[in-house]
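Order of writing sets the labels: A, B, C and D. Residues in every chain begin at 1.
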């Protein structure tokens, strides 16, 4: 089940960067959900290349076609197949990659694993294949909306430019007002300038995306190996260029004490809640009804517009200069992907949790 | 499959802290592997309570009994069932927890999810249930040994005391020479002093475990959703008290450039390798033959020996003072668990990878 | 997941005929179900060897020990581990099987697959390992009882002695009044005589078990590959010695016409039902609320008390005379196993069906 | 995983009879296999409607488009997405089915399960969706060819017209010489006449398909719940209109003795084989190297061209007269589907078996 995500709500994907189409199958979509194709397309538009001066110049409309599972505007409970045609490939940009391995890309490992590979644009390892995730995530969001659950991600750090406060200090809806998807206007402007400067150098830069789930009921998460944060971590780490995941206080909690980290339970208006939320909304792998939040680290994109030393398929040392159109920083376009993977995970666990009792 | 880990090599576990026994079933153990029961017991001894002054005082021999799947000293390919009897429960220590929720434990979330819970010692959410993981991991290690693959974890940080260098600077075998499982003798002594001091305060502290896999062949990892690092991340995050995971450069890479992060391929004596290993031995979700390394953040244990404010099952605010025997810091005993989860993951992916070609 | 059955309600089993113990783990048991250990033991007693003159003489009490997942008499939603110790092995009876393959047993195929095998009593391929299924099935039945769903199997044919009518003509509770588990007293007596006669010849005989599920709501079954009857078929065919499965009219319908087979819908007292039930309670892979019924064919046991020609592990032709204690006909003891597999399947699909809508 | 088939080689399908397209994703196709698109299309042509006077008149070219996973004529090991556009829908033929349940179809059960349904042509429950299976099966066959494994199914019975001998008496390649796909020319002619006669009555008829796998190595099949014949049975029972499955001697063995059924091992030219093959090539759930053969019973198609009594969605009794174009007998077109499901199962288990040893 290499290319399938989830348990009860699942997404199976296919496609390569320069193949005929990217697509997939969503299985387990609850029946009776209103399917708004415009919303799905809007989500894709947030991910699409060529959307701003700090993303790749590849121009793709990325129009999604839903092929099944929807009848008279509602999900039927049957699988939803979909495709997005590739239209703007410049495959000749990649001819020099046919026999040469790009450093820190998946060229070498695919060649070692499969004995052959579609080298054009990175083939299956291209970030272009995350299109399918955004479609799956948009469908999941439509279901979560009915449950009053929201998923919002944003860029919280690019290089050394980081938000000063935690997510509760920002109006997250503002993240869509700028091209780097950061809810703080001034920091956003700094981030854009940094990305432009790095791009001018022919280089790339990484950063951190923070994601927040609000309205999630208590009880989601399956011990022992289906802990909710483990599922979220796995989902995030499956995104291209992700290098780390932490939830709640994450790595920073290692230097505090239990007495500082524990979240005290209180009763507020006949509702049990916690005074603090160091736990990140998950305790023992199960949601506790507080906000769920986590952070994902993304490395600088491996494709740089500088000549690099490498080896070819015969093992001879050579040099490579990337052509093609590339992102200097993945974060702006990764925000909707983080949201998509989160939405699918939460919906999947919501459905799983229904089997807890008869 | 809430309590099952893995795909082709799987571990299914059961048991509660104060129940009859902890146990599990390993399925998919390759046939014909020499099974050394002493080795399995040694791995359990590394995890067992009461092993030093900085671990819980609960005294358990934790003797494992293999019930099937081994014949005349070798694995038969059939499932290996095993149990470890609980013998030293002090269930009365937990009577005050029956109706009261310990802060930042799983008491509240289990109650919300299931409508009832075994409160004794945390029941199923207790770290005691990781016994089964250590048994599964020991079996996986026996198979990996035949493949020349080693898995070594160690404590690299406790509170603010951290190793100064990366793992390549240490003889990792030395980690077993001290009770905190850190390969640097002086840092280990500092860590122990810190834990003792925190314990004397009735408080707890967190830290970081680093894990290194050597000898792993290229080709392990299954795109798109079975990326090797996503599987490792999920495995680590399933361990009690884990709050974060990063591999290769992890979070620290967000502030460097692509030109600094990329690992240049070179040919060394007819063998393709990389000049650096910022990637952590995994590119595009697939192992590249270099060392795999990653770090796991653990929070301070939630059980502190101080009175804490909380609520009870009726929602009334109350206070709770933990009794029982508890670890002031989980790291020393978590090291073998990190290794176990890693070993099982690597073996599972090794077996999966065999299906790549006919 | 070779040794795991089910999706949301799962049973993972281990054990060999002459090993330490038979056991397993039930995961996904809904929380809050009253667990009656006596009922579980009664179900095991229906399966246990030595229960009558027409079953094997191996004497085993088959006492089950539940090790987890139950607290104060109720299921907690956590995995239920259990073991049944083997106590009455006569392993020396099987010494001649160490290097020689019994015809139509799994000795040869296990040897070919795994390169080694536990030959004692058939090892993992022994019908003794169905103990775990009966335990899992008993737990499933306890949950189904709360839903008003019953599962009743019975011996409907032994050799050429077959019931004359379909299941609706019999009081199925009478099946437990005789040792062959047939609800027709006279046919039961004939079947017993036939089995005794075959046994006296040192030979064995097969038969058919019919199973009926009453009270199953409409909606259980998951297209496209999770059709309810396909799941039932797979479950039945996983039972030792099963050679065929049919539901509803089964094989006999091939010679009738659509106009004869179709089940006409009618409205009876504001309840949609069908005039006939040729479909066997399942249409399009989904239960329709009518009785579900199906039949399972069992071959004559392969172990006969006559000398047979065969080959040994070196490929040399030789002869083999079985020792040991064996069943001349599996059906009486297979009835509770058929019920167990059915109960687990129905409960699993009941839980899966809860995810159909939000 | 409702719409996914298999474990390591998987097929996930989508599509409805009158939707945009039928399609799917094959995951786990071994890398490096030559992909012959003409062969895939030929397999689809064997299934396509309108191919003869005894199949439905719906005219569909059923052209398959492979969208990914193939590069320069070979499989890459990445998922193969594909679609077949629906072009010849006559949805108005089904307007009377919007609110009325066809007897013995899935209309009622889908409505009960999902609360809504795509009624046009049966929607997801239509046999048209088996297109995806044939594509998946064709890909599996391409891999099996490299292993020297063949899969051949044929019509062995229609109504009361049955082949007189077992499969070994026929040249199975002759099955494609007639429109009913029976290897005996005279019996084929009789079957065609019977189907024509039934069709003229506005009625339908069932039958039996036999399938034979040759060249399968010993060792395929995974105890305890992954027995090869259980997987085959589940695969066959997932085909529309299938009502029964038996392998080897199947139901007919219940009236013979163990001494008659057992397959004696012999050594023929340094090769262990069996004198007879009552077992059907599978012992203990694992292939033994002999031919695998089994039979599948298909009911008469539920759609008859006669007025039938039924109820509508409000529960009112009414009548229904089917329009549309329908098969009077599914068998001729089901033969390639049986082969497809078998080929996928065998390949899946071949790949699983590779994990048996290191």
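Everything that follows uses one rule, which is that a residue touches a chain if its C-beta (ideal position, glycine included) is under 8 Å from a C-beta of that chain, and two chains touch if they have at least 3 such contacts.
Worth saying up front: this structure is predicted, and the values here are computed from it rather than measured.
For the interfaces A-C and A-D, the C-beta contact count is higher for A-D. Between B-D and the choices A-B, A-C or B-C, the pair with more than half the same contact pairs by residue number is A-C.
Computed centre separation for the pair chain A/chain D is 39 angstrom, with centres defined by C-alpha atoms.
With centres defined as mean CA coordinates, chain D is found 26 Å away from chain C.
Put simply, the C-alpha centre of chain A and that of chain C have 46 angstrom between them.
Shared interface positions of chain B, defined as residues touching 2 or more other chains, are 1-4, 7, 13, 28, 31-32, 77-79, 113-115, 124, 223-224, 356-357. Chain C makes touch with chain D in their complex at residues 1-5, 7, 13, 101, 103-106, 108-110, 112-115, 124-125, 129, 157-160, 198, 201, 203-208, 218-219, 221-227, 229-231, 233-235, 237-238, 243-251, 253-267, 270, 272, 274, 278-280, 282-289, 297-304, 306, 308-311, 315-317, 353, 356-357. Across the complex, chain A is touched by residues 8-9, 28, 30-33, 77-79, 143, 146-147, 223-224, 350-352, 354-358 of chain C.
The touching residues of chain C, counted against chain B in their complex, run 1-4, 7, 10, 12-16, 19-25, 27-28, 31-32, 65-69, 71, 74, 76-81, 83, 113-118, 123-124.
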